[in-house]
Amino acid sequence: MAKSPMDSQITMTELVLPNDTNVFGNLMGGRLMYWMDIAAAICATKHCNAQVVTASVDNISFESAIELGNVVHIEAKLSRAFSTSMEVHLKVWGESFKNQERYKSNEAYYTFVALDANRKPTRVPELVPGTDEEKRLFEGALRRRQLRLILGGKMRPEDADELKALFIQVRPGL
Amino acid sequence: MAKSPMDSQITMTELVLPNDTNVFGNLMGGRLMYWMDIAAAICATKHCNAQVVTASVDNISFESAIELGNVVHIEAKLSRAFSTSMEVHLKVWGESFKNQERYKSNEAYYTFVALDANRKPTRVPELVPGTDEEKRLFEGALRRRQLRLILGGKMRPEDADELKALFIQVRPGL
Amino acid sequence: MAKSPMDSQITMTELVLPNDTNVFGNLMGGRLMYWMDIAAAICATKHCNAQVVTASVDNISFESAIELGNVVHIEAKLSRAFSTSMEVHLKVWGESFKNQERYKSNEAYYTFVALDANRKPTRVPELVPGTDEEKRLFEGALRRRQLRLILGGKMRPEDADELKALFIQVRPGL
Amino acid sequence: MAKSPMDSQITMTELVLPNDTNVFGNLMGGRLMYWMDIAAAICATKHCNAQVVTASVDNISFESAIELGNVVHIEAKLSRAFSTSMEVHLKVWGESFKNQERYKSNEAYYTFVALDANRKPTRVPELVPGTDEEKRLFEGALRRRQLRLILGGKMRPEDADELKALFIQVRPGL
Amino acid sequence: MAKSPMDSQITMTELVLPNDTNVFGNLMGGRLMYWMDIAAAICATKHCNAQVVTASVDNISFESAIELGNVVHIEAKLSRAFSTSMEVHLKVWGESFKNQERYKSNEAYYTFVALDANRKPTRVPELVPGTDEEKRLFEGALRRRQLRLILGGKMRPEDADELKALFIQVRPGL
Amino acid sequence: MAKSPMDSQITMTELVLPNDTNVFGNLMGGRLMYWMDIAAAICATKHCNAQVVTASVDNISFESAIELGNVVHIEAKLSRAFSTSMEVHLKVWGESFKNQERYKSNEAYYTFVALDANRKPTRVPELVPGTDEEKRLFEGALRRRQLRLILGGKMRPEDADELKALFIQVRPGL
């Protein structure tokens, strides 16, 4: 049974409390990755109705610091389902009430594997993207997967056709 | 003043307690990334004697689950210093006392920016690699940096000379 | 400047982890009230763009237990703004992936006071309800406020006109 | 076997640490409700020698802010036992050592249901109030219970005889 | 101004939750020492009306394991005040509701130093013991202090008259 | 099978975060004892390959305050193995990056008992000290054990031969 990204999309909202901050009074990167992991796991679990474990996390860049007392919004949405794994796309914003502004903090991809009761990988439903952005994320997932396989030493760079093309002809970003 | 990777290397040891685990009784990926962030930040801070903030995290793959009651060993070592940023290489093992074995969990690169008292990026000491492994990590850092710049949309793939070579001629891994 | 309840509505999603549970392996009532307080505070802060403190919490009934590994959804929406205080309406659901069901856990009203930089109560924007449900919550807020004033010993029962009517003629609930 | 309120009365003392505070450096309402829930649950468990779950919480008003570094005293005492549920009365004080003063923070009623090994409600011992204050709390418990039933939609206001009287003739408080 | 041990005595009650336990499901020794430190610090602060820091902790023996879901009672009472430091005596019990029993867990002495606003040691009020047990604890404090000074390398064993006597003539315990 | 202290030695590194601090912004004594307990338990578990529980903790003196943002290094090394128990020697340093200094915080001995699957004490491997410092710690362990037995009321002072000698002839410390 195929599902849409909307079926499992979730929003998580957290308040930056003293213990979440570093010596500058800003949200620690590690705490944010922890929240992102929980948000992404909930999203993946909703898609497959099975328990999931984190398999990998893509490159994360932290663009803006989020201050103590600000709010963190994490949006998690499935970008592609493979046979037993799922890639989740995360967008993170900070929100300051003093300045009445919402600013982008970072974006990332987390990949999860679905496990059955014996802790063995189990098949997950197909994902059918609907909107243009969902289709763009769905297509990019193949390139990101090849990159993960190369980085994990499970694919040779010269076999990564999708990725290779990137370095030979100009494309508008990964 | 140049420094060696040994000058800032640190080891962190944590015990997996109930609140660190998922529904399978294994260490949550998000909790591990949180500990890795702290270990890497301590290592970067030791190198530059300044406060640091997490700038980016490279692809992380989780190879083996670490069970409740097992011990987590995190080794953090500087792989390269750029002008105001530092790349830290992390190795993570789990250790089970019941089975008397130590098994690899994952490996990752975290990048930090050094900040001065006004929260502006500040120069960090040069890093001079000593051992063969340190030299290999030092050289790979350029390729990983180009990859981060491309993924962050700050460099065009066709300008990433170091990385491009990977996809044209065969090399033994990133 | 008047605002709509939609302007400050937020959704919070949490995963029930081991340390959130009681000896039955279910979410503790106290932990849920803690999360509801944060969700409601974020909502009130968004409405008034000022810092807020919890002033009171209405009667909360816990209908269904939420198990370890289930997800908690908390929806917070402003029901009425008074001169310097705001009443937030909270709805809480649990979600079980094993049974693929979403079940109501409880509902509550939290009241916050907006404070200025000197920690003195400060005026908040007016709230204009739009939908029928928003209007129903807006009207009920007066009765709930009289009840809070009586319970706090700040109003005599015989002066609570809105509430008194409830006990003399039949109405469809508070 | 009947028991006295003294048999299960407990006192809980907590120190307000950084992670318990809001942006004003005061104890968060949600954290206090969490502590009150634990204190009240311990008290109810002592009375019935069975595991208990939180069933409902009455209106709570927060009177005074409790600062970082101050101490919180929570006194929990059973006010009435019904067939399978118990109402616990809580009094909360803050204590500042700098000013050498102890100030009232708030007061509340938490209700718990006793569960047997199959998680079914089970009978609890009778409570026999001794002092005048214990008798006053015992009698008020009926009115508070009617109010909870009305607020929960399980009783019609016109059937709440104890409560109704309040709004027709003047009484000295709920 | 002299004070009695009763003036600063406090009782702390905690519930053993999942994250407080070791792999056997019992309260971790380290968590209990953390709670004892907070209880003792509150007691010392009440005596001197100043901020305090932990200076030393005496030998602690853990007699009985406290299980998940049991309650911990910590009683903290000043045993002696020196010029700028105070020794606090702690008694810890576990309580099981299933077995309706209260069992002793351990006993310890924590010593605190009072600090003024410049973080310099400051004088504390005298302590005048009342009951026989208070007098016994007060007298033993001198011997324990000599032992601490010897263990800390700040006193030679042969100068510890109070303690020395113990090893030459038989006495009924330290 | 005899083992060396090096076989089970571990190093733990922690960052002092806001929730670990007291009102002075320094690491709380109780939090440090909690970390020391975990570090020592990991060390003891490595030596005996069995689960362990904290049996006792020797006198701990806190020499220097460790500030927020500083790093804590805990080194745990077995000092002696008895039939079913092990004494672990802990050394703690703080490290400040601003001042580029590493300062001693404290030193302590924690004793653990090894338990089998039925939670009964079980035999542990012998420990053979190698270096001069390891031999010194190994020998001192007997005196510390006599002191623990006396303090716990399980040995009469006049029977503690090792300890008694200390008070009669001058020795260079315990």
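For reference, chains read A, B, C, D, E and F in written order, and residue numbers begin at 1 within each chain.
As a working rule, a contact is a pair of C-beta atoms (placed from the backbone, for glycine too) under 8 Å apart; a residue touches a chain by one contact, two chains touch by 3 or more.
Worth saying up front: this structure is predicted, and the values here are computed from it rather than measured.
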Using the contact definition given at the top, which chains are in touch with both chain A and chain F? B, D
Tell me whether chain B and chain F, two copies of the same sequence, contact each other through the same residue numbers or different ones, using over half shared as the line for same. same
Taking mean CA positions as centres, which chain lies farthest from chain E? A
Intercentroid distance (Cα basis), chain B paired with chain A, Å: 19
When the centre of a chain is set as the mean of its C-alpha atoms, what distance in Å lies between chain C and chain F? 50
Averaging only over C-alpha atoms, locate the centres of chain A and chain D and give their separation in whole Å. 43
Which residues belonging to chain A are in contact with no fewer than two other chains? 18-19, 23, 38, 41, 51, 69
Set of all touching chain pairs, with the criterion as stated earlier: A-B, A-C, A-D, A-F, B-C, B-E, B-F, C-D, C-E, D-E, D-F, E-F
Spell out the residues on chain C that touch chain A in their complex, using ranges where they run on. 10-15, 38-39, 41-42, 45-46, 49-51, 69, 71, 95, 97-98, 100
In the complex, go through chain D and note every residue touching chain A. 18-19, 21, 23
The residues of chain C that touch chain B in their complex are 17-19, 68-69
Contacts from chain D onto chain C in the complex sit at residues 22-24, 26, 28-31, 33-38, 41, 51, 53-62, 65, 110, 115, 119, 147-148, 150-153, 156-158, 160, 163-164, 166-168, 170-171, 173-174
